[in-house]
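First chain A sits with chain B, and in the next complex the same chain sits with chain C.
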Partner chain A sequence: MQRDTTRKYYALYSWVGAVTAILLFIIAFTGAMSVFGRGELQVWSNESIRGLDNIDLPAIELLLKEHAAQVDPAYHDHVQVIFPGPHAGNTLAMIFEKEVEAPQGGHIHEAIWLGFDPETLELIERHEGEINELFLNRPSNMSDFLITFHGDLHLGSPLGLILTGLLGLTLFASVITGVVIHPKILKELFSLRPWRSLRLLFTDTHKVLGVWGLLFHGTIGFTGAYLGLTAAVLIPAGAFVSFGGDQEKLIATFLPEIEPVMTGAPAEMHLTRPLLDLQAEHDSVIVGSAIYHGWGDEGAVVAFSALGGSSLSGETHEYSAATGEPIQHYSGFGRLQGVTKYLLDAMVPLHYGNFGGFWVKLTWFVLGLGTALVSVSGMMIWLERRAYSSEGSLSAAQYHWIGKFTAGCCTGVVVATLSLFHAQLLLSVPAAQMGQALGTVFFGTWALATCWALLRPNAYLGTRELLFIGGLIAMTVAPVNGLMTGDWFISTLRQGHWITAGVDLALLASGILMILAARAIPGQRPLRERSSRAEQVVRNEALNSDYTEGATP
Partner chain B sequence: MSTLPFLITLALCVAALFFLRQWHRHRRHAGVALRPALFSGILLTGGLWVAGIDMGWQRAPFMWLGILSMVALFYVILVNLRQTSEPGA
Partner chain C sequence: MTSKRSTARPPLFTAPFSRTIACTLGVLITSVIVGAGATLYLPINEIDRIGMPAVLFPLIWLGLLFFATMTRNIRTVWLWLTGLCTLHTVLIYWHLTGA
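Right after this comes the complex of A and B.
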């Protein structure tokens, strides 16, 4: 390749990286945490489902029939049950929906939402309204907060989604340009020189993390861009071009709704029988919800949403609600033709790593941290080259401020994320206001951490101190959990609450690692290179004074 | 993925990386590099096969690539830390 072209790619790579590195770190770090969001963190955040081993299906079926008989039959268009558990909700929810014509065209879905205690099955909440509003306003916890923050930075749709989608594209573009500008990638596949110099350490770490995680980073970038931009840009644009702006029609074309063949003959609806059949036939699946189409009719269909089958994505299993006989099962886009269905089905599971249980999640978590470190190590290289050599157009002091800001933002988001665990345990606010309270703690801690780093003499000291604080926060989660909920680490182990015990233990281990890392980071830039910089400054000053003296008459 | 297949795939990837590194050192000498390349290829195929048996062939390649990437990161870091901390390194 021409040298000029490589240089242009390098300029593009370094500037795109520098501009987006902090945001990429934030998205990648919270993304790595979100891998455990639907599952382990969901269970840990909800005391009510920590010890939930089995749900009483016959009792739930009875309850469903009882409430279905009580609500207006107009709300029987769709009857949904969301089971309590790590992949669904913290309460047992029953939602009765009716479709009404919207004044501006299309349909809106009015719903009655009933929430039950997962253990006692006592009715604890009742809401009425538009279904999307109800989903948006349902009580949240730190796990939901993290997932939403990763998805749209809490900026909402479309702004937040477009921003995260564009960051995904940036990551994908950086992977491609990174490969192009590093022609010696194969040669440096195994080279990491940790003790020679700081700049070499940053460079080698960046290359090793980048090269070995290349496919992962590329996949995460591409799927992230797809997930962010589809809802915010592609669907509205596609609907505008092909369906006269009717987004519902576009979605129905790609994901056709289940249309039961209604006979008009009444029939008793079943839940337990088909669900037990499903679990017996596919022993590894986890069922999150069931939706009835045509409630009360002989031709009614119940569709179970399940994770953990043989396909990459989640699957829908259709059963006759009247007889409990299986009808068909398919993946999310399984009813499309050709390769498209495989591609579209792969997007969500490849992004969130939820296609194969705990070990896949752990692998995705580690690689996700790798993505975060690639972006921040790239930023460190960018700063090193400018603050301590002749590259760059700003003064050394300005680059130091950028360094301190980077340290504050990146380490600060780690500290803020860890503080969410304490906030979840210590805040006693109504469930509906929990999201807002968590937001105050998260953004407050983050802002404080960033200010702290900016006030420190250098980025190294700021990072070191914030890592130490983060380590302490992480280590104290388990005892605070014991004090607040009575779930002491030993007792959770005895009771077999493995997820709660595992999260506590993982946080303790992370805390220890962070404190060890804090101890390993120097309080200032290593002296050898500082002195060389100092020598350079002295040299420059000497040259300047020579010039001034020479110029003075 | 179940725990045992995960650990077996992990171990096979570590072993494959050991040979992959040997191949990488001698890659310019086809005669010397052939054997480690062959061994690493067999071990990597073995890892993929174990993952495929456990998870099904639709999901296994992604998991296998994930495990390989993760193991490689730790392997490169640990091997280099060990080597440079040895006396005379």
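Right after this comes the complex of A and C.
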């Protein structure tokens, strides 16, 4: 009975892994890259903010007042300033919003969006429209492209979000079943035997990376499932039951609007004074934006959104816009009652690792790559057992095709991601069309890489060649950056543009590692893997340590 | 001489097609309906009552998935899934119509 239960868990683990392995690799790899998306890659992608050390706050305040005076006062419902920088974008944005009744019920927010050069503060763009549309249609770069791809595979809502949410669920299920079927899990922490056989290498890599990153994989699966399914399924379902389908009301319940006590008395609005006060009080925070509620009134409130404070998630700091006096500060869901707020606050930071600075991000990046490798090594074990033994119902040739497809998709997405760096530097298209152009490069490269792998005689050769190409692409990013932007590696170091230099250096190192890995991978499956007696012993050892006797899904 | 024993094992899963449907669509739909319906009766404050089922949705789904995988009799699986769906749908209907 106990043995049957373990076999069932193993079957579940094996099939869930095999069905989702490729997509999970894609999501996990782009997720690992996205850890640096709001920050390092955002700065690297935007020449205009690479060397931006300080912003001229008094000048920005003056500009804000000038434009606020020019726009229709109906657009003063919310006045927002988004500061240029790693967590926002390449322009200084000022957004003036008015709330209007939607024909189908509820409210929509019409907005005037002004974009300014972050250094010269010259007006460079002006858009009008519904606020969500404006946010969606703003110029994007390779960093935005990667983050969106990780979030919804560029399939949009609800399809893309549901798909990534379901992948989070399956990852979570794999982690739990993996623990159940590996009773001696702690022994596997140090069981890496790289030189004995290929299959054992796959098995050990899968186990070691799986066990070391166990908590991380489970957390990523859980939070990913929540984040993917929230907007697409959970909010509509919750709103349907609790608020008669009114999603706006549900969101307002969890994220209550700031309600200033309006006096009717006009007052001058401040930006510099409260912001400097905030930075003096909390020197580790990075302020991304400021929103004024009740612009022009004595009771107006300015709310600064900041990262890096004392709470795990981002914080909101409220100040009186008229006097610059602090009012209160709280985490994202900090104004709620009960325990849900702690869980909700933890979801995004735990998923993206953006709560403890660079070293936490780096840890999340490494562990994220581990999640990707666990999924692909699991797939390789699954294929090895079927292509070279009596397991499985397909022919060996069919398993070889699946292997080549897996190699092409997984190594191909790495090559395609690296090609985005070149595309960002080399493409000369209007900012509004950049996202589409990046998509063409990314998906085109990915499709080519997959076709290439399918045309090679075996998955080993395909992987090896694609890794080599990827390595070359990564290594050439720094010189191309120097040629196109003038930011040569040495000059970025001299100017103290550490992020730009760091990204260039990291890509160079990654390229070297990929080429070394390509050299280490054989051009075909080693013959000794198939026939030697030692292989039989090793195979049995691997099988026995994996699951109980006869557990063949 | 040892006696000859049958080496044929019973299949690991009964009704594989029906079980696959139960483990995928059945479990997903049930967990969404249970999660939505649970917001009506959990004995906690309003915010937690709405928020907890959403936040803990992966656990609801995982519990139902394990149940659908491990339970030997597929009829029992479908009985529970449809029972949970029906119960929560009726609760939601009563709540929305004020019945």
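Note that in this section the second predicted complex is superposed on the first by the 528 of 553 C-alpha atoms of A that agree within 3 Å, B and C clash if a C-alpha of one lies under 4 Å from a C-alpha of the other, contacts with A are read in each partner's own complex, and residues count from 1 in each chain.
Going forward, contacts are C-beta pairs under 8 Å (C-beta built on N, C-alpha and C of every residue); 3 or more make two chains touch, one makes a residue touch a chain.
The model shown is predicted, which means the values in this text are computed figures rather than measured ones.
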{"item": "First (chain B), second (chain C), both or neither touched by A:343", "value": "second"}
{"item": "First, second, both or neither for A:356, with chain B first and chain C second", "value": "first"}
{"item": "Partner chain in contact with A:241 - chain B first, chain C second, else both or neither", "value": "second"}
{"item": "Which of chain B and chain C A:215 touches, first, second, both or neither", "value": "first"}
{"item": "Partner chain(s) touched by A:367 [first = chain B, second = chain C, both, neither]", "value": "first"}
{"item": "Touched partner set for A:193, first chain B, second chain C, both or neither", "value": "first"}
{"item": "If touched residues of chain A are counted for chain B and for chain C, the larger one", "value": "C"}
{"item": "Which of chain B and chain C A:395 touches, first, second, both or neither", "value": "neither"}
{"item": "First, second, both or neither for A:137, with chain B first and chain C second", "value": "neither"}
{"item": "On chain A, positions contacted by chain B and by chain C", "value": "none"}
{"item": "Footprint of chain A on chain C - complex, ascending", "value": "9, 12-13, 28, 32, 35-37, 39-40, 44-45, 47-48, 50-55, 57-58, 61-62, 65, 69-70, 92, 95-96"}
{"item": "List of chain B residues in touch with chain A within their complex", "value": "1-3, 6, 21, 24, 55-56, 58-59, 62-63, 65-67, 69-70, 72-73, 76-77, 79-81, 84"}
{"item": "Chain A - residues contacting chain C, complex", "value": "4-5, 7-9, 11-12, 166, 168-169, 172-173, 176, 221-222, 225-226, 229-230, 233-235, 237-238, 240-242, 244, 250, 253-254, 336-341, 343-344, 347, 550, 553"}
{"item": "For the chain A and chain B complex, residues of the former touching the latter", "value": "189-195, 208-209, 212-213, 215-216, 310-312, 350, 353, 355-357, 359-360, 363-364, 366-367, 370"}
